[in-house]
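The structure appears below as structure tokens.
Chain lettering (A, B and C) follows the sequence in which the chains are written, and residue indices restart at 1 in each chain.
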Amino acid sequence: MLVYIIRRLMQSALVLLVMSLLVFAGVYAIGNPVDMLISPQADQAEIARLTAALGLDRPLWQQYWAFLRQAAIGDLGQSFAFNVPAIQLIFERMPATLELATVAMLIAIVLGIPLGLWAGLKPDSVAGKTIMTGSILGFSLPTFWVGLMLIMVFSVWLGWLPSGGRGPTIELLGVSVSFLSREGLAHLVMPATTLALFKLSLVIRLTRAGTREALLQDYVKFARAKGLSNARVVGVHVLKNILIPIVTVIGLEFGSVIAFAVVTESVFAWPGMGKLLIESINALDRPVIVAYLCIIVTLFIFINLVVDVVYSLLDPRVRIGEASA
Amino acid sequence: MMPTEQTPFERVVSDFAASRIALFGAALLALILFVAVLAPLIAPQDPYDLAQLDVMDSRLAPGSVAATGKTYWLGTDDQGRDMLSGIFYGLRISIGVGVASTLAALAIGLSLGLAAAYFGGRIDSLIMRIVDIQLAFPSILIALILLALLGQGVGKIVIALVAVQWAYYARTVRAAALAERKKEYIEAATCLALSHARIVFRHLLPNCLPPLIVVATVQVAAAITLEATLSFLGLGLPITEPSLGLLISNGFTYLLSGKYWISVFPGVALLATIVSINLIADRLRDVLNPRLQQ
Amino acid sequence: MSAPTLQIENLRTHFFTREGVVKAVDDVSFAVGSGRIMGLVGESGSGKSVTGYSIMGLIDEPGRIVGGRVLLNGADLRGLSPQELQGMRGNRVAMIFQDPLMSLNPVLRIDTQMIEAIQAHEPIGRRSAYERAREALAQVGIASPDERLRSYPHQFSGGMRQRVAIAIALLNRPSLIIADEPTTALDVTLQGQILYEMQKLCRESGTALLWITHDLAVVSGLADDVCVMYAGKIVEQGSVDQVLDAPLHPYTRGLIESVPSRGVRGRALPQIPGAAPSMLALPPGCAFRERCARADALCSIRPELVSVDDGRAVRCFHPHREPLGVPA
């Protein structure tokens, strides 16, 4: 087990290195690093000074080395717009995005698995077909559109929920969270639901497919032949088998949820990393863009690693391996 | 009773038509395509011809009548443009960009996937490594970063859309081609010393089509959605080529003051397009899936 | 003699598919007494497995039992509610499947799978159920049962997995065990061991055993009585000695003769010509007609199962009269 984790860690480090190379190439070699790192408002003298200071006139490999060194100590440039280290901006906004993504994922799982089970157990029933058609709608609807509609219905017409922003937050272990207060929850509900919808459809379809396949397996027939109740056959035998691939997919999709939060945060003016990214793109605040990219890549690699380890823990066939008879 | 012989195409069509939902989707899509293609001919107004606009007519509710006596069936936007016409043109652009990028991505992904499957070895590893890395990242992220690096414009958007999609095709085609490659008729063709190109295109390719058709259909909807999202965020097509995403984005601010039609109607049009394509894709997936045929 | 443990009368199980009705089990009747072993023999598609599932009440859509009676210790199983049927399964009747790797749940531990089989039928504590499971494993010859109980199915060898499946079947001391080709996936030596042990267990506990198989050799070594099925019907039945020494039905005779035997050398191995008919397009009359050397115009009428002797019956208009080895 330990060997496996170490091996995966080393693989991840390698991927990180490759990604850093790609990012570097994108910024310094393909793009114009002068545009990337020096504020558009700078005049000629300023540009010349900064070019020398940032080492942009030195050979590429030296620049890459400097880039790595800077990245290792966490310095990914200074934001043009806010004049603070870019990485600091991102870390400030990260809790908001992570909270939104986590709640969205929870909604998708808690609703998606039971609905998918139902659709898989009774595929030809009215409920089953409705769930499946609903799931097609769920991943057809563009995220921003769902957000708009929710705002229209619940904020403009009914006036029940606030139309944007995060509202007051509460400190939990040094991090600001919204879900602990009623007002915070009111602000959280619509963005989280919007973000969750796509993944909810995915989870429903996955669970349904898994259930239908599991029901055809011999161990289900055997369990029924033992006289076990339907509740136990489905709730224990089927569920435990289909949870393994579903958990894996959900884990991998978490990264995607964080990325898609970009859209939701824009619609609902939720102060997270995603909204920062869009603002930075529009304001040509490139150090922030680069910093965002680096952080997201690191996050992804980390999530992949965790999912791999969790999968090998969940499936006893992988965990224990083939023992001699 | 002997079953009558059907060509594979006929069988696909008849199986497809067995689902009423899928037929509904197909009918809806046909209508939308009709509107999109003929937009310049059937729209009541050319919303991008400034001479035809009257700012006094701006922000009118659906069903209002203009000073000229024309009825704005779906209302007007903040510039006095007729929403109905805007939607027709918007559909044209959205679908046009979506389909164009899909076809380009299809061509690239198809070639690379077939090459990877056919030649194997290092070429295969290289191509698939790139595909895996790309597919590990969410499409929106890749598109955003590319646009941030490249800047805006129609061409850049298409490049971004193509860059996001090609990997799906490459992977699908490679998987199907690998399965086919192992079959004996390919060995036979190789023994006959047919050229690589001939084997790949005339023998391998036709059998990889079913999963490819399903993926392509889904991807067209995904491309349209992605373009709409990017335009909504202000990073997509420029104002000169207003797609539905841009129209919706324009109307966002007016949503909060109750002038819903500027956003909602383009949204419904977008929705109808995507939902109909997905309904068709879903049915095609079931119909073309060899395992479900037992 | 007391009532037989299992008595099947005119059982009919049909599958209503889009292409037509498949009469998988068409008017099947036989009985198995307590402590006796019945071999149900046939090719794939003959309906033998479906018979087993019909007894267990495990026939799913589009299949349905459409007629007949299934009497277990005198009580008709077809008259039971789904709840009662569930209570009976794994309790009064147990089933063993062909591939234990597929039939044991790969992600659950062995003790979980055994204890749940006990607790489904008895309000018994986990500790006591665990003890019973341990005893059952010991009974089928598995050493270090505690370690085995805490393991997962993939950690066992094929033979041991099947022993576990047998142990599970025996847990609640059923009156009848239905074994659906349980040794087909195992190698021959294991097969022999398991056959011997099952025989011993049944004799000792008085459990009736219905052994479904395509392999005549298995039947000859194990069973007391035999039913031969073809295309959903029983074509011959009787005691093992009777049927194997002097088979009446041409199909049975063909089956026996097509098994290579050590005694006969240098002769071409006789085969039954043709293939089993599609169940959707059965020829009228005798289903074996098109493959039978003895068929004639009479065979276009469906033959009935005719009793020849006590417990001996055959469904044929031209049964063989001479014992095996003697040319007709």
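We take it that a residue touches a chain if its C-beta (ideal position, glycine included) is under 8 Å from a C-beta of that chain, and two chains touch if they have at least 3 such contacts.
Nothing here was measured: the structure is a model prediction, and the numbers come from that model.
Annotation of chain A and chain B: not jointly contacted by any chain, touch as defined at the top. For chain A, the chain whose average C-alpha position is most distant is C.
Centres computed as Cα averages put chain A at a distance of 24 Å from chain B.
Spacing of chain B relative to chain C, judged by their CA centroids, is 56 angstrom.
Distance from the chain A centre to the chain C centre is 54 Å, each centre being the mean of its Cα atoms. Multi-chain contact residues of chain B (touching two or more other chains): none found.
Residue ranges on chain B touching chain A, taken from their complex, read 21, 136-138, 140-141, 144-145, 147-149, 221, 225, 228-229, 232-235, 248, 252, 255-256, 258, 260, 263-264, 267, 270-271, 274-275, 278-279, 282.
Those residues of chain C whose C-beta lies close enough to touch chain A in the complex are 56, 58, 86-91, 94-95, 97, 99, 102-108, 116-117, 120-121, 151-152, 154-157, 160, 165, 168.
Against chain B, the residues of chain A that register as touching in their complex are 26, 30-31, 133, 136-137, 139-145, 148-149, 151-152, 155-156, 163, 255-256, 259-260, 262-263, 266-267, 277-278, 281-282, 286, 289, 293, 296, 300, 304.
Those residues of chain A lying in contact with chain C across their complex are 217-219, 221-229, 232, 236-237, 240-241, 244, 315-317, 320, 322-323, 325.
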